[in-house]
Amino acid sequence: MKKMLLLTAALLLVTGLVFAAGASETKTASTAPAISYEVTEPITIEWWHALEQQYWPLVDEIVGEFNATNPLITVEAKYIGNYATVNENLVAAHAAGSGLPALTVANTPYVAEYGKGGLTEDLTPYIKATGYDIDDFGEGMIAATSYEGKQVTLPFLISTQVIYYNKTMADKEGITIPSQITDMDAFMKKASKLNSDGTTDRWAIIIPGWDQWYFEPMYLNSGVKIVNDDRVSTDLAGPISADLTKKFQNWVSQGYTYWASGTSASSNMRQNFVDQKTFSVIHTSSLYNLYKGLIGDKFELGMAWLPAGKTKISEIGGSVLLIPAKNDQKTKNAAWVFLQYLIGKDVNMKWADGTGYIPTRNSVLSSEEGAQFLQRKPAFKAIFDNLDEINPRIQHAGWNQLATIWKSYLDQIMIEGADVDTNLGMMADEINEVLADSE
Amino acid sequence: MMHNIDERQQALLLNEKSIKKRKISTGIQYTLAILVTIFMLFPLYWMLISSVKSQEEILRALPTFWPHEWHFENYKNVLQRANFSKYYYNTVVMTAGILISQVVTGVLAAYGFSKGKFKAQKFLFLLVLGALMIPLQVTFIPLYIMFANWKLTDTFLGLILPEMVSPYFIFMMRQAFLTVDDSYIEAAKLDGMGRLGIITKVLVPMCKSTLITITLVTFTNGWNSYFWPKIIAKNEVRRVLTVGLVHLRNTFAGLDTMNNHEIMAGAVLSILPVIILFFIFQKYMLTGYEKTAMK
Amino acid sequence: MKQRIPIQRRIRAGKDFATVLPALLFLGLFVYYPVVQVVRISFTNWNLINDNYSYVGLKNWVWLFQGSGTKYLINSFKVTALFTLGELSITIIGGMIFAVILNRITTSFSVMRALIFLPKYIAMSSAAVVFIWILNTQNGILNFLLAQFGKAPVNWLGDKNRALFSILMLTGWRTVGYGMMIYIAAMRGISKNYYEAASIDGATKWQQFTQITIPILSPTTLFLFVTTFISAMKVFQSVDVMTAGGPYRSTEVIVYMIYKYAMEDFRMDRASTIAVVFFLVLLAITAATMKISNKRVNYDA
């Protein structure tokens, strides 16, 4: 009897397994007519973010205010980790169809991947149904947050690549950040200080190698097609890319710059800057307040646009907000209310003031408010002068894999001094594979 | 006569020499042993000391080997703000689940494979041993997909299920049960005991020390497990201490030296139960590995 | 009457079987069945972000053995082999040295032995964050101590030639005490007569050690070798916490490679293919070590 029972239990388990496996392969299509976007009953929702401890007081303040003014909705903010970790957790939860947040941030390059994979809810009907005005966002912002014409995400905290430099040093020694990549050789020589034994006493600039986003603009502005128009190949092994890569490699080997890579790369780079062991660093504008705080009154902090080539564009960084598609409608509705609040002008200005994120609204950027903002943060003039040059990220479902491969090859080229042409060739083969796999 | 005295003197001298020599070598051995112990304990000492320093003190260019001020609030911060109390709860439940199920299934199966008789017994036991050769690191992909389909991500069941049976446990307990003479079992049967009675009243008491040892190993393995919990319980609701500690390290992304005092407090908290157990059950925990070695 | 015996026996056998059934079921479901699955997935194009997948034949296998994946596979096996070699050396040589130093039957020595063995029970994640802190380039205590001897700060985890060594420091710290305990247990078993006879023959302590202790301990060494080998091959956690496989794959051991493709890129297809290869290698190594130890046992007998 016992044996029978156990056997039956075993059979049940196995059949359950088969069904479970079978179920995963069939996709259920739901076409429900006339959805209501109203929140009608109390609900608690989870919001995933990637804002580190230093931002938590601000997060608490903003979420607290929302909870106080929206009696039906209670938001719980959860720090998940950096953008890569948020991505890992989100995709995992999406695959499981459980444990999804009502609302989450995502780094800007993931928009296409999520849009294509069906992870994100198309927000267009929500925008229509609730008459939300998204026209106040610039065209670039809208383009950066949509996929194939669908508004799958909306801009939350937006930043861009900038160069931070030691303004006190610049004034004293007469150094300027070059406006053209072609002028960088001269800059490198002038801004760095080498010891007689060939070691570096002071770097001209430190280039973050841990995230390709930081050096992407220099490639784009030189005319490199990171993803070709055919969507399944890259131009990163082409002559323009090879030339620029060789330039970087040369600067590194001369000791003018160093390629910051590895687990502590970011903090090492920042420390070098604060200790005045480098004239400048490439980083994200969102860390402006952090740099300012770390430097204190040791020296004056300057901010500049990255050197240009044929063009002088930069790319939107930071995060967008999205609602996972596999949530139920009630959760989505509540998330939509909270989303509108988070991307609202007032909240956005709180972030812009408290951190280094850029105001997202046209009505702020090109008005008296913008002028006031600049008075508070004069260094942001470098960004405000170039607002039209901030572009959406390259959108491709294989982007994340491409970036990983690119970074890892550049690491070898820059730090190991590996041969540029051979390595870029191998790299392009690999990238073409993942692009084709993902398209 | 003369010869004799000479010899005795010589022996005496030799003896003195060798005593002196032995004293020196004993001294060297003691010194070396103490140095080695200090060397091995240093990381633990450094963890403990760093965990009660202030952020300012921990970042000083001249490190302090004894904290100037004691900041026990690091622990409070970690337990409350960094949610370690939640991680604690999750780890306790997960470990308890693993422990109970491994003991129950392990002891039962060990009985069946040592004292029971059924068809294909040898072959089935080989299957159990074979499972030892298939680590989670090979099977985690399908397991993860399976569990995701069953909606077991971020649940206790998801954390526990793959660890519910340990081939190692079965193997060790079977070895122990085999040493028990069958006459005890026959006697128990005559007393009218069933299988469960024989297992709990005869076999387990007779193999108590093995059971305690393996159970302790199971406990520490469960408590310290990282690979599977990292994959299946990413979310805070079911995050365990080991994963939570690494998560805490990331909360200051790019500022990774800033909160080392709190990270160290978290590290101390997560190893505390195991250390306490170690000192209570030292006898078993020290022999635990030797026992496996003797096989 | 005659017919009832087999029935009773069958019932008994059934009940006996019932005691092992739960264990077998779980092993079947959570160990053997996934092995079949992982092989199956290696022939698909499963990307976790997509809801669907299809079979693509040998595509992943070609990628791994005749494509861009090959050099990474070779790299990972190389790193894993180096790591394994390192852990083996520390456990066996270090364990032996520690055993010689600490092999004394007094209370103080047994306390010291316990303290040296303690790291084995410290969770790897806790140990790893402590070592990261000790090895920190700017504020780490190790670089501070080295600076007292005039050494420039060393980038322990960020330099590709040192990162694996740094991970081995942590691993060694946790396993050397284990090697020591095993050796001491075995040393206790060596009869005093051997040494007395040898010292009468005028053998020095060193000769006694190399000619008596080491040969007699060889089965113990073999045991340590086999168990450490297999567990070192599966290393993941220390790498994950300390270096995440970097800098540029210099610490990307095989399990980390599988993990990265599966849980970071969500390429279940590629990850499964590597996992199958890893499994086969593990099987081959296990078989080989079993053969060696069997020979050994026979030889000794």
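The chains carry the letters A, B and C, assigned in the order they are written, with residues numbered from 1 in each.
Everything that follows uses one rule, which is that a contact is a pair of C-beta atoms (placed from the backbone, for glycine too) under 8 Å apart; a residue touches a chain by one contact, two chains touch by 3 or more.
Being a predicted model, the structure only gives us computed values, none of them experimental.
Participant: Could you work out which chain's C-alpha centre is the most distant one from the centre of chain A?
Facilitator: Farthest from chain A by mean C-alpha position: B.
Participant: Name the chain pair with more contacting C-beta pairs, choosing from A-B and A-C.
Facilitator: Output for the comparison: A-C.
Participant: Could you work out how far the Cα centre of chain B sits from that of chain C, in whole Å?
Facilitator: Here chain B and chain C have centroids separated by 15 Å.
Participant: Taking each chain's centre as the mean of its CA atoms, how far is chain A from chain B in angstrom?
Facilitator: Distance between chain centres, rounded to whole Å: 41 Å.
Participant: Chain A to chain C: how many Å between their CA centres?
Facilitator: Inter-chain centre distance comes to 38 Å.
Participant: On chain C, where are the residues touching two or more other chains?
Facilitator: Within chain C, the residues that touch at least two other chains are 14-15, 17-18, 22, 33, 48, 136, 138, 263.
Participant: Give me the residues of chain B that touch two or more other chains.
Facilitator: 145-146, 257
Participant: Mark out which residues of chain A touch at least two other chains, giving numbers and ranges.
Facilitator: Residues 17, 88, 92, 95, 263-264 of chain A each touch two or more of the other chains.
Participant: Name, in rising order, each residue of chain A that touches chain C in their complex.
Facilitator: Contact set of chain A toward chain C: 2-3, 6-7, 9-10, 13-14, 17, 25, 27, 84, 88, 91-92, 94-95, 113-114, 117-119, 261-265, 268, 271, 397, 400-401, 404, 408, 411-412, 415-416, 426, 429-430, 433, 437-438.
Participant: In the complex formed with chain B, which residues of chain C make contact?
Facilitator: Touch list, chain C to chain B: 12-20, 22-24, 26-27, 30-35, 37-38, 41, 48, 98, 101-102, 104, 109, 112-127, 129-134, 136, 138-139, 141, 144, 173, 176-178, 181-182, 185-186, 220, 223-224, 227, 234, 236-237, 240-241, 255, 258, 262-263, 268, 271-272, 275-276, 278-279, 282-283, 286.
Participant: Inside the complex, what are the residues of chain B that reach chain C?
Facilitator: By the definition above, chain B touches chain C via 29, 32-34, 36-37, 40-41, 43-44, 46-47, 50, 58-59, 61-63, 104-106, 108-109, 111-113, 115-119, 124, 127-128, 131, 133-135, 137-146, 161-162, 164-165, 167, 170, 195, 220, 223-224, 226-227, 230-231, 241-243, 245-246, 249, 257, 260, 263-264, 266-268, 270-271, 274-275, 278, 282, 285-286, 289-290, 292-294.
Participant: Sort out for me which residues of chain B touch chain A in the complex.
Facilitator: The contact residues of chain B facing chain A are 145-151, 153-154, 234-236, 247, 250-257, 259.
Participant: Mind listing the chain A positions that touch chain B in their complex?
Facilitator: Spelled out, the residues of chain A in touch with chain B are 17, 20-21, 23-24, 52-54, 78-79, 81-82, 85, 88-89, 92-93, 95-99, 263-264, 266-267, 270.
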